[in-house]
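What follows is a pair of complexes built around subunit A, which joins subunit B in one and subunit C in the other.
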Partner chain A sequence: MTAYLVAVGIVALIYMLLTLGLNLQYGYTGLINFGHVAFFAIGAYASALLTLSGWPMAPAFAVGTLLAGLAAWPIGLLSLRLSDDYLAVVTLGFSEAVRITIQEERWLTKGVQGLPGIPRMFQSLGIGEYAEIATLALLVVVNAAAVALVVHLVRSPYGRLIQAIRDDEVAVEALGKHPARLKVQVFMVGAALAGLAGGFYAHFITYLSPDQFLPLVTFYVWIAMIIGGPGRTAGAVAGATILMVFLEGSRFTRELVPGVSEVQLASVRIAMIGLALILMTLYRPQGIFGERKE
Partner chain B sequence: MPSNRTRREFLATGAGLAAASMLPTLVFAQAGATFRIGSLCPISGGGSSYGSGMQKAIEIAIADVNAAGGAGGRKLELFSEDSQTKPDAAVLAAKKLIEVNKVQAVIGTWASGVTLAVMPLTDAANLIEMNCSGAPAISTEDKKDLVWRFQATNDRFGAAFAVIAEKRGYKRPATMAFNNASGIGNTEGFKKAWEKKGGQIVASVVYEPSRPSYRSELQQILAAKPDVIVTGSYLPDTTIILREWYQSGQDVKWIIPGWAANPDLVKALGNEVCEGIISVDSVSNENAPSYKSLDAQYLKATGKSLSSNVYAAMTYDMVICIALAMEAAGANATVAQVNAKIRDVANPPGDKVSSFAEGKKLIAEKKKVNFEGASSRLDFDQYGDVTPDFGVYVIEKGQLVRRDVVSI
Partner chain C sequence: MSAKGRPEGELLPPGGKARSAKGAPVSAKGRPEGAPASPGATAQAARAAPPLLAATGLVKAFGGFRAVDDVAFEVAERQLTGIVGTNGAGKSTAFALVAGQLAPDAGSVTLGGDDITRLSPSARARRGLARTFQVPREFTHLTVRDNLLAAAPRTSGETLSSVFLQPRRVRAEEAAQAAIAERWLAFLNLAAVADLHAGKLSGGQKKLLELGRVLMLAPRLILLDEPFAGVNPVLIGEISARIRELNATEGIAFVIIEHNLEALKRLVSQLYVMDRGRVIAEGDPAAVLADARVQEAYMGGVI
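This part shows the complex of A and B:
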């Protein structure tokens, strides 16, 4: 049981990192990013390819994170000219473009065959099952650092500025500030967090293929953020946890409720998440930790 | 304070859910000496059209074994999870099966990506893994000989295509592949085998899934004037491609894998379009008693014929193989001892058996058995892969008529 809970914890923390990044972009700055999975994929593939070619894991992670951040730069520039739904469409398109590039550049990524045998974290230490606990611990530290970073950012004058951009961009400009640079920066930081999450993902699942990076992942992250409450760091943490409780907890409902087959449960699981989301938007549209109006 | 109350409620719900998720462990910790099998079929996602049938076949097999009094003195117990045809979901599901349910074998993984992601976990726990995946990498990643593959590798399918094309005297083959590991595996396997024979491929194209039309891809192929087109494709795309080819009126033959060129294809396109298409499939043991008895039970359970789901026959065979190996390994054998017997009970030499009960009787008489499965003869090579014979079927007046059997 412990190892299973550790595994669930690892996946939940990976989603938490993703949610923290998206929350910075959408929750605080109001940038609608429907292509979050693209930066996740870039981080995962970069880290996996580098370690498979013999790099140590730490620099591979760093490069993956950096690349994801850099890939967000041009998209950040686009966000200056596109607002709201237009940006959503462009980012969604970008994430599909990244996925199809991974699929087609077979010389690099082995295309749809995927990359098997990606080294596990801490495996080389020879500490057996403790390797996963170490991964979990590292993820907790990384998430805590990310939370600290985000909290520090949003409490600083910088944070007040990005929240002002979200609420009224014209007013910010009228005050003589330049929203453009800030928006690009926020985009890059959020993407870098997703890239870092990608590195953890690659070395935990140990197998990557393009069909793991469908837009569905983006929307899981959106669900986590919406449940928790956009614009609240605690919301990102809670949302990712609740998403995992729903996804994994439903496995155990079958054993509690007799007469439900695996086939039926598969559908029930998706329906439960949908229902939770609908109830959430009906009764608590601001999310668990959100405030109705700031 | 409204916000406080919600937070408290939320915490209570969370604690409740956490407690609920702990409950089953207590129940399972007390279960007796059964052999625990975890199934990880693609109930939802890309493999969902096969998953529920595979699951049913596993349930049928487990019932068969338990009705015959269990294997090696133990009954089989089944724990099921949905792989969602997604590697990350499958990893968590496999972890749950291994850690919470303490299964001794994980069977029924379908997509190659899922198998490749689950294998490292079962390997680390020294458990048996059985799959229906095609990717060649599975053979080389299986370091401990614990992984058993019940489906012919895509490479072997491709090689069989090459033998068939040569036998029928084709000189200018072209290939069309669905863009996934399996589709490309087929045509790459064909290319490798064909070029080894000194042949050349006149054109090849890889196409994307879920398109309404494949006209431009088809034009590209037909422009090279091939005499035969070899595909690595699935039913929906094959239907579109063949319809568009027929409209073009160009004369060319087709070699198509059996999971795409099947009675459903004929139903969708009509006899005229399908006339002369060559369908290649690993020879299911349709005449074996194991196939017939499973077919009858499967029809009763699902309302469909077993021929509609080749993977169901494979998952059935997985359970029977494990059970026979348990029987051969003796009472209270470890997973490693059971695993070591799988080749013994499935490969020749030995008396051919087609059901668990039959095998159990012979093993009790200290005889060596050779299980002939519903899916194939089930003879495993050094990688734990099956090498079935391939049946060559030609569609004539809407019927798939077997013309030849090739071995590679």
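This part shows the complex of A and C:
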């Protein structure tokens, strides 16, 4: 049971990193990114492939994070030319393109077969099951650092300006500022956080395949952000936690609902999350930590 | 009177503009009956130095519709100028051409003698040409104070590197800008609502907020798009007083689009009347508004 809770905690913290990144992009800057999973996948595969080819884990993580951030650069440039809805479509398309590339470039990624045997974090220390707890602890530290980074950023003049861009980009330009530079940077920083999350994911799951990077992951992150409250760092933290409670907690409802098979329950779980999201948007559209809008 | 609103008009050297606005107050093209005699004494006096703002032969068409059709106007340093006209006369489009939100099909805009026709809105703003919007574009979820601070020109604090590597420098600059913001908030009577989210302000307060925001740029010229629209009479008086004060003490010139002719007439020294994309009259406000053709075009003869 402890092992299970540690595993759930690790996944929750990975989602928290993803949500912090998306919240920076959408919650603070208003950039609609429906392709968040692509940067998660790039970070995961980059780190996995590098460690499998003998790299130590730390630089592999760094490269994965960096690559994810750089991959967001062209998308960030595109975001300058596209209005919200088109950007949503383009980012969604980008994430599918990344997934299909992973699937087809078998020489590199082994395609649908997947990449097995990715080194587990802290495995080499020979501390057995404590490796998972160490991973959990490291994730807590990394998330705390990410929160501190985001909070420092959004409270700075830079953060004020990205929120102004979210509220009215035309006005920002009329005031002598350059929204373009900030938008591209925020896209890259958010994607880098997703890439970092991808590294943790790869070395926790130890097996990667393209079907782990479906758009559903992006939408889970969106759900976490919306539940917590876009534009609220505490909201990203709470939202990811609540998402995980729903995803995992509903496993235990099986005993309460007789006559439902495991497979059926998986679908019920997603339906439950959908219901929670609908109730949320109806009764508290600003999210848990958001302020009520006028 | 050779190169009017035709495309080559934008190739005119800066000196070429001197010929335009005063020589033919009414763009001659297609409307040769001309304009009323233009008193325009203030602008005449400023003939020696380049005018603060000069627009020449501006054309902007949307599809087949010429929203702005060969428009020229001039604003001297420290001058208060009004633009009136019916809805759809092209006033806001002309503003967007001057401030850079739209690119003209033909014509040029100069600021202090420099051609700014091809500059981005933000580059124009940094040169001291600021504007407000007909429908206020406040940053809804920022506080009133943060709305002003977001507009503050900065050398640090808006780059990732300075935010993380030079926190002390960022704080010092922020403190200096905050002091300036407090001054404008007090000046505009917004100090009491400084910590409110801007989205919660009344229409008139939002107009003041937009004015405060552009004041952070220390501009030479402010374009105000309907500052009195939807504003209660008391606040209209207050906004007018502030405009006069800024003009007198800071030397800021204003160009004001407004439907409230009474309030505008008392405020400006020069008035342009637009109708169907053209300037049909310009000059001393009282004289222009008394002109029969203006009354006909603008109000169907009733003022």
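Odds and ends about this structure:
One rule holds in what follows: the second predicted complex is superposed on the first by the 283 of 294 C-alpha atoms of A that agree within 3 Å, B and C clash if a C-alpha of one lies under 4 Å from a C-alpha of the other, contacts with A are read in each partner's own complex, and residues count from 1 in each chain.
Definition applied: contacts are C-beta pairs under 8 Å (C-beta built on N, C-alpha and C of every residue); 3 or more make two chains touch, one makes a residue touch a chain.
Fair warning: this is a prediction, and the values are worked out from it, not measured in the lab.
For the composite obtained by overlaying on subunit A, subunit B and subunit C can both be accommodated side by side without a clash. In the superposed model, A:265 makes contact with subunit B only, not with subunit C. When the two structures are aligned on the shared chain, A:2 is found in touch with subunit B, with no touch to subunit C.
After overlaying the two complexes on the shared chain, residue contacts for A:190 are found with neither subunit B nor subunit C. In the superposition on chain A, contact of A:176 is made with subunit C only, not with subunit B. Look at A:35: by the touch rule set out above, it reaches neither subunit B nor subunit C. Of the two partner chains placed around the shared chain by superposition, subunit C is the only one that A:167 touches, whereas subunit B remains out of contact.
Of the two partner chains placed by the overlay, neither subunit B nor subunit C lies in contact with A:230. Of the two partner chains placed around the shared chain by superposition, neither subunit B nor subunit C is touched by A:21. Of all C-alpha pairs linking subunit B and subunit C after the chain A fit, the shortest spans 16 Å. Residues 291 of subunit A lie in contact with subunit B in one complex and with subunit C in the other. Interface residues of subunit A, counted against subunit B in their complex, comprise 1-4, 7-8, 11, 103, 111-114, 116-117, 120, 201, 204-207, 209, 211-212, 238, 241-242, 245, 247-249, 251-253, 255-256, 262-263, 265-267, 269-270, 284, 288, 291.
If you check the complex, the residues on subunit A that touch subunit C are 152-153, 156-158, 160-161, 163-164, 166-168, 170-178, 182, 185, 189, 231, 291, 293-294. The touching residues of subunit B, counted against subunit A in their complex, run 3, 6-7, 10, 14, 17-18, 20-21, 23-25, 27, 39, 41, 43-44, 46, 51-52, 55, 80-82, 84, 86-89, 91-93, 95-96, 98-100, 112-113, 116-117, 120, 135, 137, 141, 179-181, 184-185. Residues of subunit C touching subunit A in their complex: 99, 101, 120-123, 125-126, 130-131, 133, 137-142, 146-147, 149-154, 157-160, 163-164, 170, 173-174, 197, 199-200, 213-214, 216-217.
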